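Just so it is clear, A, B, C, D, E and F label the chains in written order, and each chain counts residues from 1 on its own.
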Amino acid sequence: MFLEKRPEKLIDKKGLRTDGRKPDELRPIKFEVGVLGNADGSARVQQGKTIILAAVYGPREVHPRHLALPDRAVLRCRYHMAPFSVSRRKSPAPSRREMELSKVIREALEPAIFLERYPRTSIDLFIEVLQADGGTRCASISVASLALADAGIPMRDLVAACAAGKVDGKLVVDLNDVEDKYGEADVPIAMMVGLNAVTLLQMDGMLDPKEFRTALNMAVEGCRQIYEMQKEALKEKYALIREELEK
Amino acid sequence: MFLEKRPEKLIDKKGLRTDGRKPDELRPIKFEVGVLGNADGSARVQQGKTIILAAVYGPREVHPRHLALPDRAVLRCRYHMAPFSVSRRKSPAPSRREMELSKVIREALEPAIFLERYPRTSIDLFIEVLQADGGTRCASISVASLALADAGIPMRDLVAACAAGKVDGKLVVDLNDVEDKYGEADVPIAMMVGLNAVTLLQMDGMLDPKEFRTALNMAVEGCRQIYEMQKEALKEKYALIREELEK
Amino acid sequence: MFLEKRPEKLIDKKGLRTDGRKPDELRPIKFEVGVLGNADGSARVQQGKTIILAAVYGPREVHPRHLALPDRAVLRCRYHMAPFSVSRRKSPAPSRREMELSKVIREALEPAIFLERYPRTSIDLFIEVLQADGGTRCASISVASLALADAGIPMRDLVAACAAGKVDGKLVVDLNDVEDKYGEADVPIAMMVGLNAVTLLQMDGMLDPKEFRTALNMAVEGCRQIYEMQKEALKEKYALIREELEK
Amino acid sequence: MRTLIANIKRKKLVQLISEGKRSDGRDLMEYRPIVIERGIIEKAEGSARVKLGETEVAVGVKIEVERPFEDTPDQGILTVNAELVPLASPTFEPGPPDENAIELARVVDRGIRSAEAIDLKELCIIPGEKVFTVFVDIYVLNHDGNLIDASAMCALAALLDTKMFGYEVKGGEVVIKEDERHPLPIKNHPVSITFAKLGDELVVDPSLEEEQLMDVRLTMTVEDSGKICAIQKGGSGFLTLEEIDKALSVVVDKAEEIRKLVVG
Amino acid sequence: MRTLIANIKRKKLVQLISEGKRSDGRDLMEYRPIVIERGIIEKAEGSARVKLGETEVAVGVKIEVERPFEDTPDQGILTVNAELVPLASPTFEPGPPDENAIELARVVDRGIRSAEAIDLKELCIIPGEKVFTVFVDIYVLNHDGNLIDASAMCALAALLDTKMFGYEVKGGEVVIKEDERHPLPIKNHPVSITFAKLGDELVVDPSLEEEQLMDVRLTMTVEDSGKICAIQKGGSGFLTLEEIDKALSVVVDKAEEIRKLVVG
Amino acid sequence: MRTLIANIKRKKLVQLISEGKRSDGRDLMEYRPIVIERGIIEKAEGSARVKLGETEVAVGVKIEVERPFEDTPDQGILTVNAELVPLASPTFEPGPPDENAIELARVVDRGIRSAEAIDLKELCIIPGEKVFTVFVDIYVLNHDGNLIDASAMCALAALLDTKMFGYEVKGGEVVIKEDERHPLPIKNHPVSITFAKLGDELVVDPSLEEEQLMDVRLTMTVEDSGKICAIQKGGSGFLTLEEIDKALSVVVDKAEEIRKLVVG
């Protein structure tokens, strides 16, 4: 309903951020794997106030059929925001921003998947942002990666994603909505951390090349931390399954 | 062009309605069968000021083909209002209301049709409301049923439809537009009268269970009367054909 | 950005038009053939301030396939205006006018093409108006005809198009935008000049039958002149090719 | 095969027509029977139904108060729309108007607009602020050929049937007086005549069968004083200048004949 | 073949139900476990999540200032929308709402509207000029049957969770007071009960399997005082008058049972 | 088979590039010939055409008066749109912009916006009421690779070509003075440089053939003072940190080289 106001300061006298974090501190992140009944794989993330669900269907038959590829699976990806996920109600029709994000998220995950193992099929990835408080593209990639793993899709590595940026002249990691909106720059990246391979790289705002290098390194470090949390979440899931099997 | 005003009273001192009817009295109804040149079957109804045309094409090949069913015909139904059928011009693009009505009308007719006799085909039913003065969904079902019969589609029974409702505290049958808009409740039903089978049942407004039962019975009685008129209209059509053949 | 104003006079005291032309004088016209790298055939026209590109792809496989015809090629035509081609920015979504023009342009070119030589294929013609200053449908047909020739599509004859009309009570040829908008009548035609066959004929405004006949003859004469320029443009193109081959 | 049969049919039809006859017994320059009924839709400000042989069209006119276009601040707005609803023909599909529906609407629109049939200046309420928009909705109910002429007749009949409401302007707001009604200001009566070319002959008012086999279609619209006010060639054939002249030589009389039926 | 298997399944299920049992062990008139959580989305004015067995639905409520409809100038606006997002089922496709999503939204809307659950007059700011619009967005997250009841419960829970902001009107402009909050004016609590007919029996809260094999679906919505405020029959079968009566005889108590869970 | 041939082609190209050569004879860090022409469309407020090898792009700039966004009441609006019109490539289809067209528009938009190339505050007429909207329409006329750089150059050239009209505000209305013209307030000149990764090497300004065979695409946009103002990775491959660094080490100089050509 309301337009958020720009806070007076994005970094306070103690060098802390609007939500009390240190510059290099991620928001609290909680991953859950296997949260939806019908999907072949699914996961949920809460990262600060950002809440996202990801579901994977496939490999399955492609409709319409002429989209099928003879030598590999087609990865399809829809990034979509719930109308109630943002301050002003968003129309459920896909916006241009959602279409671009669907593309870059897909291209951030494709390098990790052994698509050639499932020719003539599609792997359909659906991402629903239930609450958007900044960093949704990175959180989407991280959680989608878990949903793919949960669906048993063979991958070279998990893909972890994290942004770094500049707010009030200071480089920080994992920007929230206010920092993203009123900050000076945002550099979201995604990585197959184990392979040192950057699969998403975008930037808006302005950074000189030196700042950019520092921000990039901070984002890489953020990805490393998220990567560990992803692995932890998968372990937990498997532990639960093992428990249930042993019952 | 103009917003209609709510009449002061919907039931007058004598217990009569805005159009002079008694509570249990249907509007004047006129069915005509076989009114359009190209359709495989067609019919027209005038019920009070409500005027509706229905046309049936099929059983015919299904386009697009993947919609065909191996064991029965697909019944497709489009309920559509002419832009000039209501006080304020209506955009010709289908509204959400028209989409819901297309669905419930289809589901009211499906139980009557031996769809299993025409596998891999479609039976396409097009309903055009030329003037809407209340009760269009019921009149659509009644007239569509005649168009199906005119097309020679084998049916278990004709489907007759009629609403009952509550206006100014009084239960009445076959509501017109003003009664529907400013009344307290509307219960449209459809029946295969010969089989005592209710194939449409909806309600909006408020009724206690006892009132609802009474309204339901009034609507059933309305269906019975309409059912007789439907049969009469078919007989007339056949009589005409016979006459023409004997000429 | 701005609404153009109606000039006080469309014909001045000397009998000349707003752009200094005599009534029976065409605007300066420049055709270029083979201007785009990817298309199978292409051409560009500048006619006064009107600038149009045409490209032809095909004969090629038809998508979707069910549109293919067993006995001839399908000619498909899209007339489209760039958002910046007119005073007020035009939405890039096709307007009703663009859809009608796509149809009449297609029907003006179809009689000239030996479609029966390429059954089950499509010939796709794309026309982009980069600047619209009147007469775009005629200029589109003239330039599209060259693009078809450039693509090697066998034709009975080139199609040349030109309008005549009435402004300030005077019959004139090849109306510009202001003359079209504020004039009394516009008669665009297209012809296979060598065959004396009129393939486009439209009119709006008002003309008595005698005026109409005169206007028609003026438009025919315009077509003749344009036809010569078209042939010249093709010759130039072939001369260029010969030169290149001889290098 | 389909083409083969169509070619045989076409030859027979062209042969018949070259002898001055048509498959339904009409003369080349003869219309099918025309039935016009006005006032078929009470809820519309104006309405009509036309049967032209088996072709059937309904038109409803609605009037709304809207903002004028920027370049004509002192004029009402005319909007013509055509729906080829799928009950009218096995070849019509549900969905937004296709190129045929759009062409139909635009040709009818052009006739009305060029002839200045409606006095749009009379429909201005507050210049630059509020004007009446006249929506003419063409509804094709059965397609047996020559939709343009049937629709143009029906649109004219519906406009002639249209009743406006009186109004007054109070403090910038338009107040409608429901008990005061007057006809729409109609100044001219454009009538369209459609020819089909089959072989070397022209026929008027082509039937569906004739349309399917014709080379080309030519519509000329004529206003009260005998001026041409709209022309549209359709179809993938061509016309010679002589053929255009031939059409021109009969069209004014033919239009007058139809106009009498419509205006009554 | 597919049909053959479905028929066998259906026979077994009908047989089981005729013995008063269901495949998941429930009684015929028993709902699956219901878990309701309010306030799941901070950025929405109100929100809730409902799990009904494995069916999961989220609802978010947003409030915006808009122009009222012309025929209700002194009332706020209620808009209910449902998205069957493709992560919820292999049969849901991306794209604009299909007939199932539209029916779902409209049935939930009808219950809230008929019961006058929201006092829309309280949502008027400046009559004819500005009112609050309440957007109720139903988001189906996992489809395991009976989406209508789960959505209706979730919508009611989300409305009960909704906080409005205070406001004042200054010079025709609405100024929102962000620190002043009060609940949405909720006057009634409609609850829908959905039956599936399988053979000669009715069951409540059909699972996805039951929905796929059922003859017909019947939803009745009941408001606080025990009146029926919405009914919707769905599916291609029919109901006898006796079956309608049977549903009617249990629905008020059943609704009261569910209402307690939702209203808390 | 198609894949097999593509693989063979790819191997040959990667081999060639690993030797520092390209199939059209360019160096790895060399652009194709660039031809820039301004003022090609008189009816647009600004326009330009860029030929980058065989790739050809036109950009038209239109300016309209509109209502500002609620959260930036004192700023003009920038809208960048790209049309991949079907005459430019056999793979482009008519219809609304697909993901490639949208990405193209958004990357160009991001460079202009981040660099604050247009002084949007200068485009405010009446705060909260009326501002100028600058429409930048990218029209791809022939696609032979590297549409992003060609479009970004062309957009910048068109903006530099753009003439605004003077205006005055009279009684809340904006009156345009047609005889008073001044350039659009351009404060910065962002230039994008696009790399393609083929094997272990990066090349700039990939041709269509290189794009079809590349692993990944990387675009960096640089503003006047040498800061990076937009980055976009595209394609289904990955980059190492070393590769990103390598791009970073050449991009500022490369951008300055292109900027001289565009700004002139």
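In this section, contacts are C-beta pairs under 8 Å (C-beta built on N, C-alpha and C of every residue); 3 or more make two chains touch, one makes a residue touch a chain.
Everything quoted here is computed from the prediction, not taken from an experiment.
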item	value
Contacts common to chain A and chain F (chain labels)	none
Chain D and chain A - chains in contact with each	none
Inter-chain centre distance, chain B versus chain D - centres from mean C-alpha coordinates, in Å	31
Centre-to-centre distance between chain F and chain B (centres being mean Cα positions), rounded to whole Å	57
Distance from chain C to chain A - Cα centre to Cα centre, in angstrom	51
Chain D-chain E separation of Cα centroids, rounded to whole Å	48
Cyclic chain order - from chain A, heading first toward chain E	A, E, B, D, C, F
Footprint of chain F on chain A - complex, ascending	3, 70-71, 96-97, 99-100, 102-104, 107, 110-111, 185, 187, 192, 195-209, 212-213, 216, 220
List of chain E residues in touch with chain B within their complex	2-3, 70-71, 97, 99, 102-103, 105-106, 110, 113-115, 218, 223, 225-241, 244-245, 248, 252
Interface residues, chain D side, partner chain B - complex	40-45, 47, 54, 56, 58, 60-64, 81, 83, 85-90, 94, 96, 135, 137, 139, 141-144, 165, 176, 178
Chain A - residues contacting chain E, complex	1-2, 36-39, 42, 49, 51, 53-55, 57, 60, 78, 80, 82-89, 92-93, 124, 126-128, 130-133
